[in-house]
Amino acid sequence: MRFVKPEGSSAQGAEVGGGAGASSEVWPSHKPAATAILDEVGIRRSLMRIAHEILERNEEPDRLYLVAIPNGGVPLARRLAANLREIADLVVPVGVLDTTLYRDDLLSTGERPALRQTEMPSAVDDHVVVLVDDVVKTGRTIRAAMDALMDFGRPRVVQVVGLVDRGHRELPIKLDYVGKNLPTHPDDEVQLRGLEGGLRGPLELVVLSTEEASESRGAGK
Amino acid sequence: MNRILLRGGRVIDPSAEHDEIADVLIEGERIAAVGRGLRADGAEVIEADGFWVTPGLIDLHCHLREPGQEYKEDIGSGGRAAAAGGFTAVACMANTHPVNDDPATTDFIIDRATHDSPARVYPVAAATKGLEGVVMTEMVALVEAGAAAFSDDGKTIMDGGVMRHVLEYSRLVDAVVITHAEDQTLVGGGVINEGAVSTRLGLRGNPPIAEVVHVARDLILAEFTGGQLHVAHVSTKGAVDLIRQAKDRGVNVTAEVAPHHLVLTDEATAEYNTNMKVAPPLRSEEDRDACRRGLVEGVIDAIATDHAPHAQHEKELEFSAAPPGMIGFETALAVVLDLVRSGELSPLELIRRLSTHPARILRRAGGSLAVGAPADVSVIDPARSWIYDVAKSYSKSRNSPWDGATLTGRAVATLVNGRLVYDVERGILI
Amino acid sequence: MIGRDLLGIERLERAEIERILDTAEHMREIGTREVKKVPTLRGRTIVNLFFESSTRTRASFEIAGKRLSADVINFSPSTSSLKKAESILDTARTLDAMDPDAVVVRHAEAGVPQRIADVLAAPVINAGDGAHEHPTQALLDLLTVRQEKGCIDGLTVTIVGDILHSRVARSNIYAFRKLGAEVRIAAPPPMIPCAIEALGVKAYTSLREALEGADVVMALRIQNERLAGAYFPSTREYSATFGIDRAKLRFAKDDAIVMHPGPVNRGVELAHDLADHRPGVILDQVRNGVAIRMAVLYLFAGRQPAEAAR
């Protein structure tokens, strides 16, 4: 297994405040066990930083609308909403938008994937929609999310939060806010775990080496 | 003179109650001798060691579709299929186009058979004009033309008054009136036996009582009129019971059963396979078992195939629209040998029901290997295993439920009128 | 889904049924959006092969297909093969050559979708075959009851009407039994099919006894045109003895719901007000129909032979 060292800090994902938990070290992806790359503490810090960045970047914070891509994006979006409330006393609507029906690989896969919840509490027209996903790799999920979003209405602006950017883009999708850049082997699997814990977590971001990854894929995500 | 020696076979002759290893010598068109160590110089020898040598099998009930529906079958192709199945004679039903209800049509069929069919063909003429169940046919003229029996088979004579007169008038000739006993008002458009299967499949059911009620009526009419009744394709326990009681009372009645009703049940239709659609329909296990017992006891006298060819495009219709019927000449023997394999019938008793009794019912020579009898002989290998490929059938039609099945038992040679017309290696020879 | 086709409920497992219902719940949400369309089946072809005319069911499948962005083609060959030169299977083979992603078949005779599925490479969805099965109807009925009652296990469902000729009855019997309900049928004796108990239901000729404690009452359409006089004497007597109205509903549970596959013979099998007001839930059934059919098309259309068993 090969691994790639990052070249300094990539994209705007440079962390504010640094800290031991959110390190920019790279874990070789040939390690045998599922390797944690961000623990609960690290995730909390990243999300707080991102919340600040969102407020920095947007001049009309009352137009903000967080839209989570299930399943991983859901607790992340909710925490971001809580952070925004804490920092700026903002009540930002949080929607959940399942992208399964907009996937471009749906009918060529074997089994039809199970559908997930979609719940949009209000219209997206004229809002600054911030899509939230846990792991961004090829960019296809984000593209599908944008297509789905357009069927709901006409947002003024769309921005994207990815907790982890793995690279390996297949489409020209960029992330506006990144928790951590993580170069990986394409066959590795990166998972957000602890979703059952709901809002309180604890959440953990792990990477599975290629062998484990293919086992995990076989079992279904 | 043509001489054939069938050597070393198990000679089974129900007419003489014989079942032993022997040779059979044929001279010309007749059986010349039966015995051990027969010598016949200059005779063509057929080694029958390991096979049964029996009087030619006779099928009481089949449909040859000529005249009028030659796309399904004709007398030539049907005759060839019959000979390949070990049959030396068949009786064909009158539901052709035109109906065989006058001497000219009977003549035509006999003439065709003489030229085209390796097996003998005995026409069964209609009992009523046009099979309409109203006006009876000219039975005397028809028998003179060669008709062996009378039947509206394909249809039922629903009017009791008409059936009564048909049975009464038939006493002028020595011929049976064959009844296709299904009360159409009780059949009610049913396309499959009424039961758990019809309920599951959502198909209209044809209840057993449709047959039982009608058999009851015809038996009483036969008793009342003194006519000679033959019940076609018995399929229900109720009918078997009634026929048993009638015979005990001395009523002049005979009966037949088809191979499929001896082995298959309505469960066979669970996939809507139209090759399983037949009239009367495949019934319950109880009915099937009662038919087997009836045949073994002799309540049912004979086995008849009811060979009913239909073209592929006709069978590819919706189940309820497809015409009922299966072809059966080439598979009958293998299917009914099941009763010998199970021990229910001895080989002698089976052959009696396939040859001797049918001959008697049709008032024709046959069913016997006595010296001087016509040389119609079937040579059978009861143990031969073979795969039935319906695409290779001599019949023009392909509607068989046994396509692709591995069967046990097969005719290996068939002789009609002293001539070898079929052998399993070379096929039909004339 | 295990099989390639949806020919009936009889061969579905409980888990597959629940998967369809869960998927349909998600599809319902799409109907609440501004743009009631998702691109999932874009570029795919769904063929509606309706030998028996049916405006409602066909429209429901058409809307379902279009909401999934599929191209929907309607074929309505004449009713019986007997009336035309081409047999059912010839029609199917011709269709197969056009490579559809799913074929929805409806026919007045039982067994036709199965025969078509035998020759077609594409998945076949049964939209009703004679008196045999109508799986999408039973699925939308299950969904409606699940929405009303939360859970199907332990419920008592009473189906009333011409069970003998009803595909809706058969499919619903399988469906509700598989999900754990007790199913009863009630009808005048000539309309109770032979050996129906083998399907796991109890047959009643007394409507009152059949309704005792029922959670769900399902009324079936009486086809007066062909039945009155043969299987029952008149619609007047049928309505008096087996028609569902508020008075008779008193024997059922207080919170019982009333269903009907439609179209309703008002005043015959169902009283006018129950057709329009609660506890009748007919309009919910219709709404769920589109969602169920979207779910079915999503789960079955376009599946390759290698993926699915046949």
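Letters A, B and C mark the chains in the order given here, with residues in each chain numbered from 1 onward.
What we mean here is this: a contact is a pair of C-beta atoms (placed from the backbone, for glycine too) under 8 Å apart; a residue touches a chain by one contact, two chains touch by 3 or more.
Model, not experiment: these values are computed from the prediction.
Chemist: Quick one: most central chain, C-alpha centroids?
Modeler: C
Chemist: Please indicate which chain is farthest from chain C, where distance is taken between mean Cα coordinates of the chains.
Modeler: Taking each chain's C-alpha mean as its centre, the farthest from chain C is B.
Chemist: Looking at every pair of chains, which two share the most C-beta contact pairs?
Modeler: Looking at every pair of chains, the most contacts join B-C.
Chemist: Rounded to a whole Å, what is the gap between the Cα centroids of chain A and chain B?
Modeler: One centre to the other, that is 78 Å.
Chemist: Could you state the distance in Å from the CA-based centre of chain A to that of chain C?
Modeler: One centre to the other, that is 42 Å.
Chemist: Roughly how many whole angstrom separate the Cα centroids of chain B and chain C?
Modeler: 45
Chemist: Which stretch or stretches of chain C touch chain B in the complex?
Modeler: Listed in rising order, the residues are 10, 80-82, 87-90, 107, 109-112, 114-115, 129-133, 167, 170, 193-196, 198-199.
Chemist: Could you pull out which chain C residues touch chain A in their complex?
Modeler: 1, 19, 22-23, 26-27, 29-30, 33-35, 37-41, 44, 68, 298-299, 301-302, 307
Chemist: Chain C touches which residues of chain B in the complex?
Modeler: Per the touch definition, chain B meets chain C at residues 194-196, 198-205, 207, 271-272, 313, 316-321.
Chemist: Where on chain A does chain C make contact in their complex?
Modeler: 98, 101-102, 106-107, 110-112, 114-119, 147-148, 151-153
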